[in-house]
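For clarity, chains are labelled A, B, C, D, E and F in written order, and residue numbers in each chain start from 1.
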Amino acid sequence: MARIDGRNVDQLRPVEIIPNINKFAEGSCLIRCGNTHVLCTASVEDKPPRHVPEGEGWVTAEYSMLPRANRERSKRDIAKLKLNGRSAEIQRLIGRALRSVVDMKKLGPWNITIDCDVLQGDGGTRTASVTGGFVAMMLAFRKMMENGQLAEYPVSGYVAAVSAGIVDDVALLDLCYEEDSAAMVDLNCVMDDQGRLIELQGTGEERPFTLEEQQQLVRLCHKGVVELQKIQKDVLGVEL
Amino acid sequence: MARIDGRNVDQLRPVEIIPNINKFAEGSCLIRCGNTHVLCTASVEDKPPRHVPEGEGWVTAEYSMLPRANRERSKRDIAKLKLNGRSAEIQRLIGRALRSVVDMKKLGPWNITIDCDVLQGDGGTRTASVTGGFVAMMLAFRKMMENGQLAEYPVSGYVAAVSAGIVDDVALLDLCYEEDSAAMVDLNCVMDDQGRLIELQGTGEERPFTLEEQQQLVRLCHKGVVELQKIQKDVLGVEL
Amino acid sequence: MARIDGRNVDQLRPVEIIPNINKFAEGSCLIRCGNTHVLCTASVEDKPPRHVPEGEGWVTAEYSMLPRANRERSKRDIAKLKLNGRSAEIQRLIGRALRSVVDMKKLGPWNITIDCDVLQGDGGTRTASVTGGFVAMMLAFRKMMENGQLAEYPVSGYVAAVSAGIVDDVALLDLCYEEDSAAMVDLNCVMDDQGRLIELQGTGEERPFTLEEQQQLVRLCHKGVVELQKIQKDVLGVEL
Amino acid sequence: MARIDGRNVDQLRPVEIIPNINKFAEGSCLIRCGNTHVLCTASVEDKPPRHVPEGEGWVTAEYSMLPRANRERSKRDIAKLKLNGRSAEIQRLIGRALRSVVDMKKLGPWNITIDCDVLQGDGGTRTASVTGGFVAMMLAFRKMMENGQLAEYPVSGYVAAVSAGIVDDVALLDLCYEEDSAAMVDLNCVMDDQGRLIELQGTGEERPFTLEEQQQLVRLCHKGVVELQKIQKDVLGVEL
Amino acid sequence: MARIDGRNVDQLRPVEIIPNINKFAEGSCLIRCGNTHVLCTASVEDKPPRHVPEGEGWVTAEYSMLPRANRERSKRDIAKLKLNGRSAEIQRLIGRALRSVVDMKKLGPWNITIDCDVLQGDGGTRTASVTGGFVAMMLAFRKMMENGQLAEYPVSGYVAAVSAGIVDDVALLDLCYEEDSAAMVDLNCVMDDQGRLIELQGTGEERPFTLEEQQQLVRLCHKGVVELQKIQKDVLGVEL
Amino acid sequence: MARIDGRNVDQLRPVEIIPNINKFAEGSCLIRCGNTHVLCTASVEDKPPRHVPEGEGWVTAEYSMLPRANRERSKRDIAKLKLNGRSAEIQRLIGRALRSVVDMKKLGPWNITIDCDVLQGDGGTRTASVTGGFVAMMLAFRKMMENGQLAEYPVSGYVAAVSAGIVDDVALLDLCYEEDSAAMVDLNCVMDDQGRLIELQGTGEERPFTLEEQQQLVRLCHKGVVELQKIQKDVLGVEL
């Protein structure tokens, strides 16, 4: 089966991460995965939320799409006075994923907010947000180290994410929008750089999927994550 | 390792499903999984949402906790004017899970709303909601068949859900609240009655997890789902 | 005139109050008045609202119906971003009624929230909420006494409530939904155990009513309240 | 006991109703009861709400206080994104009271909105709103008759309202703010011009009240309502 | 060209400012400019917003129209859960205009809120609000001086506002609603009593306008502002 | 006086307009005015708002800042459930400005939404939004002409906008953030390509300004608008 954009079944779309895209944010990047473009900024503030133990920090994420990120314009959340349910789900995922590798005691009493704003969406915006959000967070930590607010990166490893799915009974890595719309099964993996899972979400809205299919999709994702983390390391130049 | 309530590692909490708990709803049940109690109702209305093709139906779910379902009282959503982000995530999961086995063409132009209201929560409320929500939905379909609104169950199989997690490096089935709070890894499976996955969500907020651990947790869930579906079948008395 | 369910004009529906229905709340009960079922919980927190004098406590109530408590499903408040006007009115009534017998100085600096969630509604939900809410509140006070947070019940008397109405020019006690829908006049009484009024609300939306009719309805309510307070006393086993 | 403003126990505050205060509204008046000033407008629109039977009309009311109507400035509802619970309760009362005397079939397919905006509040704003709202409604009906939209007043009688209360164990008519703040018992009556009750709300937040006290308060209100209806009739010049 | 109400092109509508219209507000007036009636109150509170330097004060404004201020009834903001965009724009203008002449250090740590509620709107409500709001603010300052909270008026000059516009290519002062609806160009000026501009807003939604036209409109406004400030001075009797 | 970035008093910041930045929008550009970056998209839909005469079209604008567009992170509107008042004011300005040159009859029954999302803000975001929004709108019209939905550009002229202000008593063109923060007077002009005004907003929050100063600022803006319109014409290559 030929993919719509000629890729191999286990091939990522072209990925580009442009660091420091925002002049004001402590950390930022623009991540482009094919036609999916997400602007990620990391903001450092000094008030972690109340539930955080004294002296420790917190990382939280917000995700939103610009109204014309997609093929059709959608209304802004504020016009409906409701945070989009899908956005709520995604930003919780991004936050959990990034927190999983941050040592909150080492971070100290800082609140890091990762804003992932989708400028253009062509499938895979949540996984691009995790991958780009990690870079923005690391750049903010670097700025904090330069400012003497941190002694070292309070981070235990690289985090990246990618999706895979089953289209016409074929497992494909990194679905673009057309593939995603036609997918029987869709699965996202957030993984660290030791090949371990941090978050795993699989959905078979069109049909159920077997444990073997699930494993196959996770292996595809693993291949993609390794490549994404190589790009992250090239951009950041940091070993963890 | 002894579990807090003396269960084996692969043992469900006592499960009870009381059908027809609500006099007015087309379908309903109260599901009790240990101290987790969820009231599930299925409401039949004749206006599917606009995005549904003419002549087809839809199934959607809403999930909410009563303010004192938990150890501490939480504010109602309306007091904060915001749907709780966790609720938004969970009700999307329940809806996807139930839709996965419904043939919308066979259902015809009906809108089914599954309301899952947690009266008491002790861990596993989202999976109990899926399991109980399926029963409520089936009972509503039965009522529709009795009313001549449906010719047969527009459903391809049973759906149930359960969680498993890793606590102190031991994989456990069906975490109660104390176990869930201490879990390093938490994974939920929604499965059909052929042992296939419908939804899979795994999170390693405390530590990443290996592919082997992930498989082990899925197998534990599978065991639990088989038992839950036996209870569903006893309550419903229907082969699909 | 025969009543729809065969009761005498001055006869309550069967009433059942199941105490301690919720494992976590400091006080709770499920009250069933015929087919009207209300889950009442009392939550104890240590921050009374700001308008309360230093050292004193407060009692407040919230009232809500589950979406399928009624013959037709209604949208949740959060879906409309508005607290239902009827709920706003009712929860203010419940709060005033319960506060009327609580000595806020004796209560001390505690905030008691009574949540009345209607699981199934067949008329008389506001009065059932007052009657059940009183029991939940008393059980919370008992728990506080056991915990050493209170020396005695800070309560001057029993409180219960019931409605009466005029249907086809006949005065009836404790209207069920069908009767309520057909009533010309509807009147609710909250009373203490000395036969005194705490709250009185009468409405003649179908036709005005005379002072004699009003008195007759109050007398009917008084009869019902005496019976309800007997049930409350049986459940609580406390003389005030 | 001398009243704070020297009135007899059964004496109304000075009442003034200025009709046609608003150039655009179909009906309007400014009602002043002592220092309580309420601007009432009646707006005629051609779309009754959906629940109204085809061909019939509806009357609804909205009530609000200007932010500085009171001794202290209060925030606008929109600043809190919540309709004030007290306002919700009051506007429901006003709407029920006015609807009680309107024949919706005679009214025909018109929607009448009575807006009661309190410019200055010194106690009794809800009853002043009913009394003034009735006048605004009647003036709108007159305008509709002039326009050929109505053949006659679709109204069965005059409606007015007043409060009474027990202060220092003395029953007083028409409480001003200071009296209201000190009242043990507060009771509002909406009555027609045949001395019958339309709405009755009594509250004993400070102490319960006997049936005799309740009757005494209703009689005081009756006296006040007769006087208010005389003023309404002088303003309107209409026999019903 | 004859104006609809017979005025000269450079003639204001009859203006009346009734001070102290509200018994409770520290300062208040009702301003009538023709059929435009705005109730302005100034409320003094002791908590300036957080962004204000320690020891200094602040002046803010809120603007709203009663639902039936206009030819057609409009919904209340709270019914739509959104502050009207036009109101948001106008209240920001009023606040900036009044702040421009207040010395926040002299004012000291007080927060002044100017509420401008349009009882009836016939064009020019924003400029009437500025003119009336200034008077209400000054009266509040006078009260604060009487109370010993202020030593002198912390104000550098009088502020008033008026609009002008081009209708059928003729420049007119102080447009009423009909003129405003037909205007090609509309321009509002807020000016001090030395003929200087504080705010200037011109809009050519029907057609662009030349710099000469803009100057002509500003000169018309200047003439109107001089007359309005004379009325303000007559009401206040204060030289600044 | 040297400007902070070395510009002459009448010199614009470097301006760049990148057209077609968004793959899905009918028209789009990224406009950079110094460090102010605004993403403008124009979306074509077929439902003009209800108030538009049958057969005619409409142009509306929405304006928003990404949370980290500025030196400090600000909360999203949806987190506060309120459209920022400043955004409300600005988007009304953009909409009026663009509508002023569009012939709604020629446009026909299309609704054009211009979304201006500030990726990075360093002063002048509202004027950059007008200038970039015009380009996005024109590109959407071009696409509609290519699609046969329009016969010609329904536009009477170019529209661009710029600010000027008085800093330390010196009039400067195109204020950057630091200059804007220090400005005594700030004035924005929207102009067409015949040197006429479309919108004019001047504010003297720090001090009032004379008619001469106002004229001087308008002349500065005129110079800037001529240069901006040359850039717009280079990008669009269209004579109107």
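What we mean here is this: a residue touches a chain if its C-beta (ideal position, glycine included) is under 8 Å from a C-beta of that chain, and two chains touch if they have at least 3 such contacts.
This is a predicted model, so every value here is computed, not measured.
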{"item": "Where chain A and chain E overlap in contact partners, by chain label", "value": "F"}
{"item": "Common touching chains of chain C and chain A", "value": "B"}
{"item": "Reference chain A; chain at largest CA-centroid distance", "value": "D"}
{"item": "Homomeric contact chain D-chain E: same or different residue positions, threshold half", "value": "same"}
{"item": "Between chain B and chain C, centroid-to-centroid distance (C-alpha), Å", "value": "33"}
{"item": "Centre-to-centre distance between chain D and chain A (centres being mean Cα positions), rounded to whole Å", "value": "58"}
{"item": "Chain B-chain F separation of Cα centroids, rounded to whole Å", "value": "50"}
{"item": "Multi-chain contact sites of chain E, meaning residues that touch two or more partners", "value": "81-83"}
{"item": "Graph class of chain-chain contacts, one of line, ring, star, complete, other", "value": "ring"}
{"item": "For the chain D and chain C complex, residues of the former touching the latter", "value": "81-83, 85-86, 88-89, 91-92, 96, 99-100, 157, 187, 191-192, 194-211, 214-215, 218"}
{"item": "Contacting residues of chain F [partner chain A, same complex]", "value": "22-25, 28, 35, 39, 41, 43, 45, 62, 64, 66-71, 73, 76-78, 81-83, 113, 115, 117, 119-120, 122"}
